[in-house]
Amino acid sequence: MTSPPLRVLVWGENVHEQQNPIVREIYPNGMHNTIAEGIAEKGEAEVKTATLQDPEHGLSKETLDATDVLVWWGHAAHGEVQPEIVDRVLARVWEGMGFIALHSSHYSRPFIRLMGTSCSVTWREAGEKERLWVCNPGHPIAQGIDRYFEIENTEMYGEPFAIPTPDEVVFISWFEGGEVFRSGCTWKRGNGKIFYFRPGHEVYPIYYHPTVRLVLRNAVTWAKPDPIKWIDSCPQISADQALEPLTIKGPRIHKEGEAGFR
Amino acid sequence: MTSPPLRVLVWGENVHEQQNPIVREIYPNGMHNTIAEGIAEKGEAEVKTATLQDPEHGLSKETLDATDVLVWWGHAAHGEVQPEIVDRVLARVWEGMGFIALHSSHYSRPFIRLMGTSCSVTWREAGEKERLWVCNPGHPIAQGIDRYFEIENTEMYGEPFAIPTPDEVVFISWFEGGEVFRSGCTWKRGNGKIFYFRPGHEVYPIYYHPTVRLVLRNAVTWAKPDPIKWIDSCPQISADQALEPLTIKGPRIHKEGEAGFR
Amino acid sequence: MTSPPLRVLVWGENVHEQQNPIVREIYPNGMHNTIAEGIAEKGEAEVKTATLQDPEHGLSKETLDATDVLVWWGHAAHGEVQPEIVDRVLARVWEGMGFIALHSSHYSRPFIRLMGTSCSVTWREAGEKERLWVCNPGHPIAQGIDRYFEIENTEMYGEPFAIPTPDEVVFISWFEGGEVFRSGCTWKRGNGKIFYFRPGHEVYPIYYHPTVRLVLRNAVTWAKPDPIKWIDSCPQISADQALEPLTIKGPRIHKEGEAGFR
Amino acid sequence: MTSPPLRVLVWGENVHEQQNPIVREIYPNGMHNTIAEGIAEKGEAEVKTATLQDPEHGLSKETLDATDVLVWWGHAAHGEVQPEIVDRVLARVWEGMGFIALHSSHYSRPFIRLMGTSCSVTWREAGEKERLWVCNPGHPIAQGIDRYFEIENTEMYGEPFAIPTPDEVVFISWFEGGEVFRSGCTWKRGNGKIFYFRPGHEVYPIYYHPTVRLVLRNAVTWAKPDPIKWIDSCPQISADQALEPLTIKGPRIHKEGEAGFR
């Protein structure tokens, strides 16, 4: 029995690539395409891309229904993502779609909405060194990495990172300038697995880094949906259907068969 | 040294009380006022009320800044709560304000936004018996209750309750009709403590029940803010301010002193 | 590429089967063999058994090293399991071996040691009905079950169940006599996945129940080790090996290359 | 109403102070006494001490019953702490006593038993600088600290720290030599609150550091027991006492009124 290929969609904001010559030079085809190449390079996943500028930001219901894991990179235009698209992404995560938020996507609308916190950080752009330590060497996302890996030049993010306690912390970063950061964290919302991964500032060629690409491949594999769907219909169960004998003993707001308020 | 009194605000949707004669008869002054009386009855807290119909739903910035714990009851009009008010409530929770969601407020906008999940349940209105078991007898919210307490007539909510794993489960309900439900759950978002408490259907006099009132008093005491505020400014740290000697080694997106993207 | 088969070891205390005629009649080959048959019946796993009476309780280092998931049933003789064997089981769990604790094994030495709590419950033997609700319909352990399943006659366990907050609650039980219980719970310790599953009282034929067997098969599949081992050597890192330039600036307790205290 | 003073017991292994001249010079009265002074210096707590060499290690049942929070420092002699004393400490934690494990006590028997994991770290003695970042600025244990504090000379502990996911991470350390570590972590076991705090190597005067002392004071205040005791009697509930009408429908292992197996 062969499993069907993992269907990954890489969503890129695609703004800096159009406006900033440094970013355009590093990522001439857009960051989303470089990220997609890194995920696809071992042939384990079928990877597509979508951008903010596409109709419905490339996130139609049909597209999301055909996506197992959504990888998100945004920065300058978080506020341009339409609320109804954010709602749609969340509904699909609750059903089981994995969601990987990259770098500045800590402030993306879907990530903030999944976390329920402000998701703030401290930050500095100085091209300093970052060393990511594996805190959880048994975790599938850290597979193939020894004790740590390094990124020679990057933007710094520092604690406090205003997130709910992660289910597991996979990486913590050490920065040359003196800060630390929980750079790889997992959560679950509904049936959807979520991973935040810090590396990826747009003025550095971070998505060409082989270990960063390895983590992305590990993460999409980890985040793939379990085979059953979340039951989320909020059904009214009539007294007749109760599993124990039940007589109606009080008044009601709702009629038999009526849907509840939302 | 005496502590200042705990400042509690009970928010009521105040819709059914106007429209449904059964609810009006049980709660002639509105559910919010009965809930407020129950919280205030031992004199430990200073309790005010606000409703959907008030300007800014009674939730101006000044009011929220002067609130330690917000208690929320909504059902028929979740969708009428303005998004910018929901944002304001969340920002204050992150700063430290406690948030208690009651009964049908599992579907209220602030609660869903804090959880990041659909918060769905199954339900049945048959006036059946509910028995709430204390799962965590050492928890401050269960103080004064022995092993369980009962509500003679209530609406049923059943699992699956689509929430993130609670930090602690304080109560689980047994229902006459055969279901179970995690009826008392805690979480933290930013510096704000959150408690969901299931009892409280509007066509039954549940907010007059002495143990329900005891739980409400315990819960607001538990949820009071810790004395320090959350730092949530997302500051840019300049290379000059770095704690270790740092030379700028790469390009930048942001100018010195600039705020980041949100 | 085919995966090697999952190697499951079912450990049975094998005491009641020798001493109690009711248990012997229901489980003439011992409970461990019936449990093993249930796990093996779809051919997905290679299942062996071990008992308290075997040399080293059937849990030699070689056997544990060749075990992916250990399933544990004990009741009358928890205290007879030798401490050094318990230590050995824990060390293998930390390395990645899954551990499934069944029914009265809430009080088994390995489970208590993995939890760090008393693991107490309330209980009643009256042959009453139990209904297990799926709280987390997307969880792999609940796969193939609709909203609930029932066991017609069983012992009751009631809350409070003195465990650390589970990572996920998969099942909550409703009992005919009026109690509730978190009957399916997961945790992780080191790299090992742990599942507690309540059904299984020895004077009822519960391990012949098709849905109980389905849950056992789902659980061993879920608990299988991830492909990498936990690094747990507690190494001294010499100043020479430091990743940043480091001069020794203070006194030391340990000599270079020395192991630390344990 | 004035609260009774918080009763803190500082347990010191008291071995290095006797054997190592560097430690004796820094801590002439023993580390436990210096730690106790730091906790007592604002007069908020009544602080006593006990050592390994005392009868029953100074941890008689009477002493533990009169202790609200136990602070533990051990290193060279973890294995000399008697198992029955460890059991006694755990039983009292489950009842509500707070437990603060310091530095090398990550490997102490009570801490390992509460965690259920190996609690391993990496380490280096080079007198290097440590900077502890506040990850959770709203947490009571971080009260009075701005964004970070520094220890000029210390032993390093590095990730992976083999612990279960903490309920909250309060501090993460940055080390001069390039490592990171989760240096302040909280858990709950039964009704007892647990805090691990990394600083405290015996050949450096770390327990004289004003911020380290502030954290110790904050931590014992945070860890104080809630006013109710954990119910942990594991009672048999007879069918007659069932809350719903119940007829005995099957065989039993236990007689009426019998205690269960442990």
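Labels for the chains are A, B, C and D, by order of writing; each one numbers its residues from 1.
Simple rule for what comes next: a residue touches a chain if its C-beta (ideal position, glycine included) is under 8 Å from a C-beta of that chain, and two chains touch if they have at least 3 such contacts.
Keep in mind that what you see is a predicted model, and the values were worked out from it rather than measured.
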| item | value |
| --- | --- |
| Of all other chains, the one whose Cα centre sits farthest from subunit A | D |
| Length of the line joining the C-alpha centres of subunit A and subunit B, rounded to whole Å | 27 |
| Inter-chain centre distance, subunit A versus subunit C - centres from mean C-alpha coordinates, in Å | 31 |
| Multi-chain contact residues (two or more partners), subunit A | 131, 137, 158, 160, 165, 167-168, 178-179, 188, 190, 230-231, 243 |
| Category of the chain touch graph - line, ring, star, complete, other | complete |
| Subunit D residues within the subunit A interface of the complex | 131, 133-137, 158-161, 165-169, 172-175, 178-180, 182 |
| Residues of subunit B touching subunit A in the complex | 16, 20, 22-23, 75-79, 90-91, 94, 104, 107, 113-118, 120-128, 153-154, 156, 158, 160, 162, 164-165, 167, 176-179, 187-190, 201-204, 230-239, 242-244, 246-254, 260-262 |
| Subunit C to subunit A touching residues, read off their complex | 96, 131, 137-140, 142-143, 147-148, 167-168, 188, 190-191, 226-231, 243 |
